[in-house]
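Per-chain numbering from 1; labels A, B, C and D assigned in written order.
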Amino acid sequence: MHSMGSLNMKRLSLKSQGELLYIIGPDNEPRLKVKAGETVTVGTHDAWAGKIRNEEQRYSSVLAELGKYANPVSGPIYVEGTAKGDTLVVDIKGITPTRRYAIAVIPPWWWYHSNPGTAGLSRMLEPQLPEKIRFCEIKGDKVYWDNETPLPYSPMIGTIGTAPELEAIPSTTLASHGGNMDLPEIGLGTRLYLPVYVPGALLHLGDVHAVQGEAEICGSGMEITSEVTITINIIKGKSVNWPRYETPEYLAAVASSCAGTTLEDAIRLAFIELIEWLQRDHGFDKWEAYHLLTYVGKVSLGNMWCAAAKFPKAYLRRQLTTPTRPAG
Amino acid sequence: MHSMGSLNMKRLSLKSQGELLYIIGPDNEPRLKVKAGETVTVGTHDAWAGKIRNEEQRYSSVLAELGKYANPVSGPIYVEGTAKGDTLVVDIKGITPTRRYAIAVIPPWWWYHSNPGTAGLSRMLEPQLPEKIRFCEIKGDKVYWDNETPLPYSPMIGTIGTAPELEAIPSTTLASHGGNMDLPEIGLGTRLYLPVYVPGALLHLGDVHAVQGEAEICGSGMEITSEVTITINIIKGKSVNWPRYETPEYLAAVASSCAGTTLEDAIRLAFIELIEWLQRDHGFDKWEAYHLLTYVGKVSLGNMWCAAAKFPKAYLRRQLTTPTRPAG
Amino acid sequence: MHSMGSLNMKRLSLKSQGELLYIIGPDNEPRLKVKAGETVTVGTHDAWAGKIRNEEQRYSSVLAELGKYANPVSGPIYVEGTAKGDTLVVDIKGITPTRRYAIAVIPPWWWYHSNPGTAGLSRMLEPQLPEKIRFCEIKGDKVYWDNETPLPYSPMIGTIGTAPELEAIPSTTLASHGGNMDLPEIGLGTRLYLPVYVPGALLHLGDVHAVQGEAEICGSGMEITSEVTITINIIKGKSVNWPRYETPEYLAAVASSCAGTTLEDAIRLAFIELIEWLQRDHGFDKWEAYHLLTYVGKVSLGNMWCAAAKFPKAYLRRQLTTPTRPAG
Amino acid sequence: MHSMGSLNMKRLSLKSQGELLYIIGPDNEPRLKVKAGETVTVGTHDAWAGKIRNEEQRYSSVLAELGKYANPVSGPIYVEGTAKGDTLVVDIKGITPTRRYAIAVIPPWWWYHSNPGTAGLSRMLEPQLPEKIRFCEIKGDKVYWDNETPLPYSPMIGTIGTAPELEAIPSTTLASHGGNMDLPEIGLGTRLYLPVYVPGALLHLGDVHAVQGEAEICGSGMEITSEVTITINIIKGKSVNWPRYETPEYLAAVASSCAGTTLEDAIRLAFIELIEWLQRDHGFDKWEAYHLLTYVGKVSLGNMWCAAAKFPKAYLRRQLTTPTRPAG
């Protein structure tokens, strides 16, 4: 007797991945090909590609050694039958840590401050932070900050995106293709929608966190190596401008800041995208969606460059909400 | 036998208030004096001071009539014994609507857009919005968007603040004194901490909403007239730079954007304030607070100029968290 | 025979001013009344109201002593016959220093940095600046940085504005009423246009600089005490949204950042105002103005919150440019 | 006898260029190799790669046809002997238009607005612009806006940059490698310094404008096809973080906004770079440079994402200013 899993499951292990990628772009060579409907397990490395081995290392030395080669991603996965203008649908089915600990760092120089405005001077914590490396044990459904402080193991994919049409974007940054969004809700049970710009979509992912707060204020999550299990589908001929996702409770539209814009602009843009989604797929009048969101809308932050505007699915009109059905 | 309430309760009704205020400043004449520990009920008008009387009015005409006289506040309440450098503590005990409906509007010109950046053009919903006035019935613990769509009655105080030291600030805006923050969590069961800049603190409040989403994207909440019941205390000789609040679950530090800064800066600043709070009052090492917040921190938005950075009280160290005890 | 000057010239000396003002607001008591067409000489104090007396003082101590009482302004001057919706016209005829030196400071804490973005970390000069007070001699048309480095004496009015309608704004900040704009071109030979919000306009001014660069990166100009000579006129029934000015070469529209917006937004807004000016008063089609400005427009900065968008008067169409004729 | 020119001059004509580039990246194949000290003439196409042929075309149709293939650049030029950490020095010796006209467009959708802030609503010109294509004749040292309005022919290179280390950046955008800066002063007689990230530097350039104002408010300059003559040198072992340039009058340090930052941040960052330049190469104490710049600094804008902070060379200390001598 064989399991269904063994029939459908494909695997892109870290070993078969070979060289990790630090750029998400259209020229990256596919490492795995899948069909719509298939389930894949992907090995992901941590944000330092394993260069942190114990708590005694100096974090600034690790960073110096990495240079621009930080936050590696696995992939790309080529999805057969996809073309520019389609939507890629990724259901996150499992995230298993492959080490017994997560790594939590304080960087030496992530000056955490606010900008100077007329209301007063800028504020900062301190110019030089006391850099630190901390290993946190993962046990059962907890990750231990210290012996008395278990945090919930709430794994999420920090970096996931398709290839842009022309440019090659560092895996440390983010844009309409996805990328380093660091959204805590892109985790188990979430369905993610991504734009497709090139044939095969070219899905890249990595940077998995055991747990992370909103805004990710020290600049990295609780980083783990992992095996991520996802089911991939496509929606033909229907595009999204930016990533979107669904949790059991919410529809969420994502946007990020770009050169000349800030998180505030990303939040505004995410709401515009969300309103268009409610209008296109959920039978809302545009202004009704805008108006109702004023009273029931929520915002979730990823890192300081990424926001999701959210609509509670409880307020979807029942007659209209035939679930989005991906091809497959 | 008489109730404690009748002994302690003071009242600033809309009638005793007389003229409403559109400026929060140190020269506003006190309308009520209270002592630390006293409970007060304050009548508040809606954001249009009653000029919206039915759904058939044209909202742009109402706005033209109001000019700069929008978003009135009641008060100020003079708190005896307070001085510059103290902290005012406001416990929100009750918010009772005084009409059977809340008012929800779409403004004619609240162009909802994101700023133009290099990643593409700016986006907007539309330059001209289809202005609308909608009355939503309040019944039991619900406010009805329409017959099939009850929203939870979750009342909150949109505008609350003490007088600044020198300037007089429109009640439509916000700064370190509080003001028009529109934070959904400044509602029932919340304890609010406000800076004191002038003798008596001079507390102003108004702009109560039956329910409101984060970011308040059409620019006003579901506006009600109300009676707000608060208990006022003071912490002598201990100051806060910005408003803070506590809910049963969270400690929250608030900050807002100022000239030259955006919501992104407000979020950063709120986290700095939160870290300092954890350090000063809850036994945290500064860097431990910064580090742990990276994994458990949350962000709540008020309107697009106001953010709260939040720490789950579950992670307060038990031995250290003697509850903040206001004088009174 | 007496001079015309003695007939027309009014004077608001520092002595007759009495108490200086730190707030620009509608409730400030007029210190002088003038008619349209009159010329006034106004004494202005320096940004520290004289509390800096020598180079050996510690600047941080001066600041601690001042608290919020910095950047005093003289006035207000009540201009008879003006009402809300008019435009105030101020021609700057003379700026005479009343001491032999200008004061140049490095503040202890004006952290000069850029905000953190994805392209890298934020940058700052250093968290703690080496505070300094430096007296620079004014001689002839020069102000001496040191013996070998004469800078041109190019005096300008750092803070000038009319009273807002409702609020009272610190003289250290700026908004559509003018205020602390720190524009180097608001100097000799410039005609300034200001909005009128209240009867009498209530003109306030101060914060005169011997010379200042764009962006004013250490936060104050080369500060002097002075006598400013201005001729005041009004344009009845025609309003401006923001300050505007004319130099011999340029028409300039001014805007500043507000809560939630940055200097970038101020620049965009200033161009919109400039286009509307070219359209309303100079016979341009709106799109022709927009288009031509793309090739000939200039931008001047005041401090980091204030920008002027400029159109070279050489490109005004000759037949249309009947000079704006103020009433008087 | 032959001219020096014919000995030294290399040429990368549009014909020898072949396919134009829309991405500036490390994997672009060199089209020409030069040695330090050599002078090169480079053919550049216009921002629409020639797809605009007359004033009757519909600009939105041209844009639809281009898609992401706008703003082509020529190159890359491989400079022998350069390595990561060097500085590339480019002297602009000539810019000759290769057609008799420049092209000036109004785009259909470049919504020109300011962001919404608390001081009022956002402003915009209009949501839909009246798109237009206008050919302006170039004759002698003028380019004619119309028959009565000659503008000075002031050619500049809109897009010029070296290859980044890892990523491939659209030629329409900008970052620390240079790129689409649109600085009017990057023209005749200017010496430009660029960072080198990869062997050979890989210089790309294009997007030449006959004339352009600061901020480039309709989104493109007065675009020409051209032959650009530059002399290329290198400074070994000395790096710059961002582009810098020298005109006869000024030293200028350039910076641009990135995701999460705005033009305001770019200006701050440019000043920090300028101060470091004065300190490293011109004998200034860091704080003296900061302080003096407060009084003599200037700012020039390129497009709305690019700023240059400038120091007048008149204030360089004579004994210290041995001119930067590029190797060659």
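Following the convention adopted for this analysis, a residue touches a chain if its C-beta (ideal position, glycine included) is under 8 Å from a C-beta of that chain, and two chains touch if they have at least 3 such contacts.
Every value quoted in this text rests on a predicted model; they were computed, and no experiment measured them.
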Consider the two chain pairs B-C and B-D; indicate the one with the greater count of contacting C-beta pairs.
B-C
Taking each chain's centre as the mean of its CA atoms, which one is most distant from subunit D?
B
Subunit C to subunit D: how many Å between their CA centres?
33
So how far apart, in whole Å, are subunit B and subunit D when each is placed at the average of its C-alpha atoms?
48
Approximate Å spacing (C-alpha centroids) for the pair subunit B, subunit C
35
Which residues of subunit A are in contact with two or more other chains?
113, 115-118, 124, 173-175, 257-265, 304-305
Please classify the inter-chain touch graph. Allowed labels: line, ring, star, complete, other.
complete
Which residues, counting only subunit B, touch subunit D once they are in their complex?
109-111, 113, 115-119, 121-122, 124, 126-127, 172-174, 257, 260, 264, 304-305
Interface residues, subunit C side, partner subunit D - complex
104, 106, 112-120, 123-125, 129-130, 132, 134, 145, 149, 151, 175-176, 211-222, 255, 257-269, 271-272, 275, 286-287, 290-299, 301, 304, 309, 315
Over in the complex, which subunit C residues touch subunit B? Could you list them?
22-23, 25, 27, 68, 115, 165-170, 173-175, 256-265, 304-305
